[in-house]
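In what follows, structures are represented as structure tokens.
Look at the two complexes coming up: chain A is in both, with chain B in one and chain C in the other.
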Partner chain A sequence: MNQITPISFKSRKAKDKTMFFLVCLFSSLAMVPLFFIIWDVISKGYKNFNLRLFTEVTPSSMDALMATMNGDPIPGGILNGITGSLLIVGLAILFSIPLGLFIGIYLSDNRGKKFARIVSYLTDLLQGMPSIVIGIIAYAWVVKPLGGYSALAGSVALSIMMLPMIVRSTEETMKMLPNAYKEAGLALGASYTNVVFKILLPSGFGGIFTGILLAISRVMGETAPLMLTALGASVVNWKVMEPTSAIPLLIWDFYNDPNLVDLIWSSSLLLLIVIFLLNWIAKIVARKWKV
Partner chain B sequence: MKDKIFRSLLFAAALFILLLSAAIVYALVSRSGETFQAYGFWGFVTNAEWDPRSATEEYGAFSFIMGTLYTAFFSLLLCVPFSLAVALFNGEYFKGKKISGVVRSVVDLLAGIPSIVYGLWGFYTVRPLLIELGVSAQGFSIFLSALVLAIMIIPYASSLSGEFLSMIPNNLKEGAYSLGATRLEVVQHISLPAAASGIVASYILALGRALGETMAVTMLIGNTNRIPGGLRDTGNTMASVIANQFGEADGLKLSALIAIGLLLFIITALINLIAKLVMKKLSHA
Partner chain C sequence: MESINTTNEKNAVLQLKDVSVSYSPGKYAVKQVSADIFPHTITAIMGPSGCGKSTLLRAINRMHDLYAHIHTSGEIILKGRNVLEMEPMVVRRMAGMVFQQPNPFPTMSIYDNVLAGYSLNGIRLNRKEKEEIVEQSLKSVSLWEEVKDVMNKRGSFLSGGQQQRLCIARTLALKPEVLLMDEPTSALDPISTNKIEELLLELKQQFTIIIVTHNMSQAARISDNSMFMYLGELVEHGNTTQMFTKPRHKRTEEYLTGVFG
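Right, the complex of A and B next:
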């Protein structure tokens, strides 16, 4: 026990009030940047946020320069980035969901076993891995052996990022399901496979789907790993073995090209809308299909 | 029979994580071998010279390691008052109240904003402010990147520590209240000490995030290959030098960059391990 020195009640009360005030103050200050950032992106981005953004590919630096010199808006959009993001993230989803679900189910079913503990630890390790390092990995595994930058390499990088998130959310959801679900199914003579696919996965749908949506929203804005893998392209590309652009990659290009700077904010606005929409849907799903 | 196949499929999936991790380590080690052969592990880590010109080619990671430590620890320092306040707000003062749900959602959104958008905001909005305040002539600095990094890691530091604070059993606190303690005294003498290891663990994890953050830092730190002398100085972090120079690299330089990636991987793995150990101590206490 600490040494208790007599302090007047008044000063104790005052200190208490001050602390309460500080907690409220600093909490609100912590939220301020979010509004500043959103305000920044909206106020600077809405001008170029038009149909063109979705229907035209990125203009060349020269064309953009000519247009700005004539006082016209930049002729072009980010169609190549939108399709690229769809392709790269879509492939990453295909890679990571089945694996993530299976590993999550395995971990929740084998809790306490040594092997499961090791796998669980490694999952945490993967989750904490910097995205740029994951970019290097995909470069070493896909870009180097196949001899070129590609959408596939980008998807491999993003799927390594998504995997631990999906494993964790699946595992957590499965843990929350009452054991009776599984036992009742098995008691009725259902096979383990059927119990998993007909009972556990459907009843855990909300939690698992929320986790997947959040994982998608996380990798949607990833730039660093794509710089090392997908590289970017100025045309719409659907071939997995070709260099491909993505919205965050285009933002990086625009940032480095003074002539295209006007497109930065509309692209960022689109990116933020997509990410916040995914977060919002995730929240609704989580509420609606609560385990 | 079907079950057997399915079970082994699940096991194979779990085994995949093991293989994946092994393959990651192998890829990093084998691709950086050239560098470690040329300089040795400690020679590479302690050498501050980074000179890609072919005549005097020489690579060392020390200035980037220092740059990374500077930015990461300073951003952690900056983020503490805010994330601690948010954690106390959600886990103690307004625990379970509607307003705490709102604050949590808003802070979570901070985690959703992509690194590159933080970088843009830092570059176009915060940097001019720093120039005006006379922090540095160009604005690019350790200080600027740490400031933006601090905002980025607030959600990571606050959500976990808030959870630990809210898990403290009520009867502990009620005991103190019944003795006439004020809320501050309860926080000071009961809540914070009881949740200490959890809070420390969440700050360690936030530090891990800060160490590996790439895009925002790359856009704000100024990208100079030297040991930063102070907060107003420009520099480079391990992640930012990879992002900046990977594209045009080959040969020894490429392997040196991958070696930096390996170091970064080792550091973040250690950080994760430490956080785990601290939390384990908590669950035993």
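Right, the complex of A and C next:
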């Protein structure tokens, strides 16, 4: 047997220390851009982050130019984007939650079956699908046949993007639930439907809800698919068949308009806050309703 | 297999006739088991691991239906009707099951857990009926005094032994004909085990109990009749005292004396 000499022990410890140092170093390096992003967005966005942002619609380029020349803050806000995001994402949730839950339940209950394997593989594929491609598909499926850009088309695109995340979180959560709950429910004479809706889904609420929140926070900032579907609007629109704006669409508009460029930062700040809140709530829910 | 039973066969609440269960074609986990189970008795099913005792028990309330590859044949006559030809949901209400691991539903309160059989079956009860069933069921598992002030707490808040008694109460609430218990005390400490054993002796006044157990002394303590299974076959079935003192088969004797097991 090899004897462990004090020397080899020492060099091992030194190696471990170097390794640990490197791991810490790179982790902190990875955080640097994140801090700069947050710092930039806050420092440039706070000036226009006021009540107006939430109560007024996008100003025209001319109004913004006049105000800037007089040294006033840009008039107007992004109310049309906020309501639009709520409408589009809200509709997308309505489409993707029932579908995602059912697919997730199917996958967790039929592991190993051929059809389940195909569905599972397609879900992975959908997860990796570029958002612009999904936008084009929604354009071809919804915008074209209905003859115009609409909030509905936007929400179809976003719901396709949310679907794989909801499917996966439902499937993983259901897999984690002990089989004993299902058997105990069925042993009481319950139907499969009742076992799913009254025992399994409530027991897995935490995991499933967390997945839904993360899916929402992911599509909240999507721009490309919305350009091809919801298009954008300069007024507040609650009609699902009309073109509608969204916060990320407005950010893109502001980028293209030198007079409105300042609004980029306050809009980004709002988006950042919303996403941060969603993630934070997801964490709390996951902790409180642990499986 | 032989069985001596002085009671008239027609009185049997449950009759197994050539029951076989296969997990894959040609491979039988339970081989042609026949037995009569009489009302207000406790029958212990014993045998070494893998002998098919849980598989036999789960055939009675059609739990094997959950898995497409498991096939049950023969006849299982419960109260005069063949279980294998009945609607599984109806069978399961008549043959309640208690599992090895206590498994109260985690999102339900103690109160709702007792009533789970009703709510899951879509049976509506008024408040008075609910309270009666909860009180009666919890009293019959001697849990009432311990939990009557914490009814709204989650079932998982209770100790393991209490959880198992809650699960028994949940099963009893549906007033089943037979109570199937799959090693109900193997996950519990000796004190909780003792409590459950005492409970079973009381419950047999009202119910017929079949209990799968690893624990021979448990079988000796509580059962009226015993079934000894080995490699999927029912080797011996009869009066427990007789089986423990004068087993008719060599295998049974070897198992009971610890030669194998």
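The definition used in the following text is that the second predicted complex is superposed on the first by the 271 of 291 C-alpha atoms of A that agree within 3 Å, B and C clash if a C-alpha of one lies under 4 Å from a C-alpha of the other, contacts with A are read in each partner's own complex, and residues count from 1 in each chain.
The rule we apply is simple: a contact is a pair of C-beta atoms (placed from the backbone, for glycine too) under 8 Å apart; a residue touches a chain by one contact, two chains touch by 3 or more.
Owing to the predicted nature of the structure, the values given are computational and were not obtained by experimental measurement.
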Does chain C touch more residues of chain A than chain B does, or is it the other way round?
B
Contacts of A:K47 with chain B and chain C, given as first, second, both or neither:
neither
Partner chain in contact with A:I199 - chain B first, chain C second, else both or neither:
second
Answer with first, second, both or neither: which of chain B and chain C does A:A180 touch in the superposed model?
second
Could you say whether A:F102 touches chain B, chain C, both of them, or neither, answering first, second, both or neither?
first
Looking at the overlay, what does A:R117 touch: chain B (first), chain C (second), both, or neither?
neither
Tell me the contact category for A:G189 with respect to chain B and chain C: first, second, both or neither.
second
Scan A:L22 for contacts with chain B and chain C and give back first, second, both or neither.
first
Applying the document's definition of touch, where does A:P33 land relative to chain B and chain C: first, second, both, or neither?
first
The intersection of the chain A residues contacting chain B with those contacting chain C is 191
Which chain C residues qualify as touching chain A in the complex?
61, 63, 66, 89-93, 96-97, 99, 101, 103, 105-107, 116-117, 119-122, 167, 170-171, 174
Would you tell me which residues of chain B are touching chain A in their complex?
2-3, 6-7, 9-11, 13-14, 16-18, 20-21, 23-24, 27-28, 31, 81-86, 88-89, 93, 103, 105-110, 112-121, 123-125, 151, 154, 158, 182-185, 187, 189, 205, 208-209, 211-215, 218-219, 239, 242-243, 246-247, 257-258, 261, 264-265, 268-269, 271-272, 276
For the chain A and chain B complex, residues of the former touching the latter
2, 12-13, 15-16, 18-20, 22-27, 29-31, 33-34, 36-37, 40-41, 99, 102-103, 105-107, 109-110, 115-116, 118-119, 121-126, 128-133, 135-137, 139-141, 160, 163, 167, 191-193, 196, 217-218, 220-224, 227-228, 248, 251-252, 255, 264-265, 268, 271-272, 275-276, 279, 283
Can you tell me which positions in chain A touch chain C when the two form their complex?
178, 180-191, 194-195, 198-199, 202-203, 205
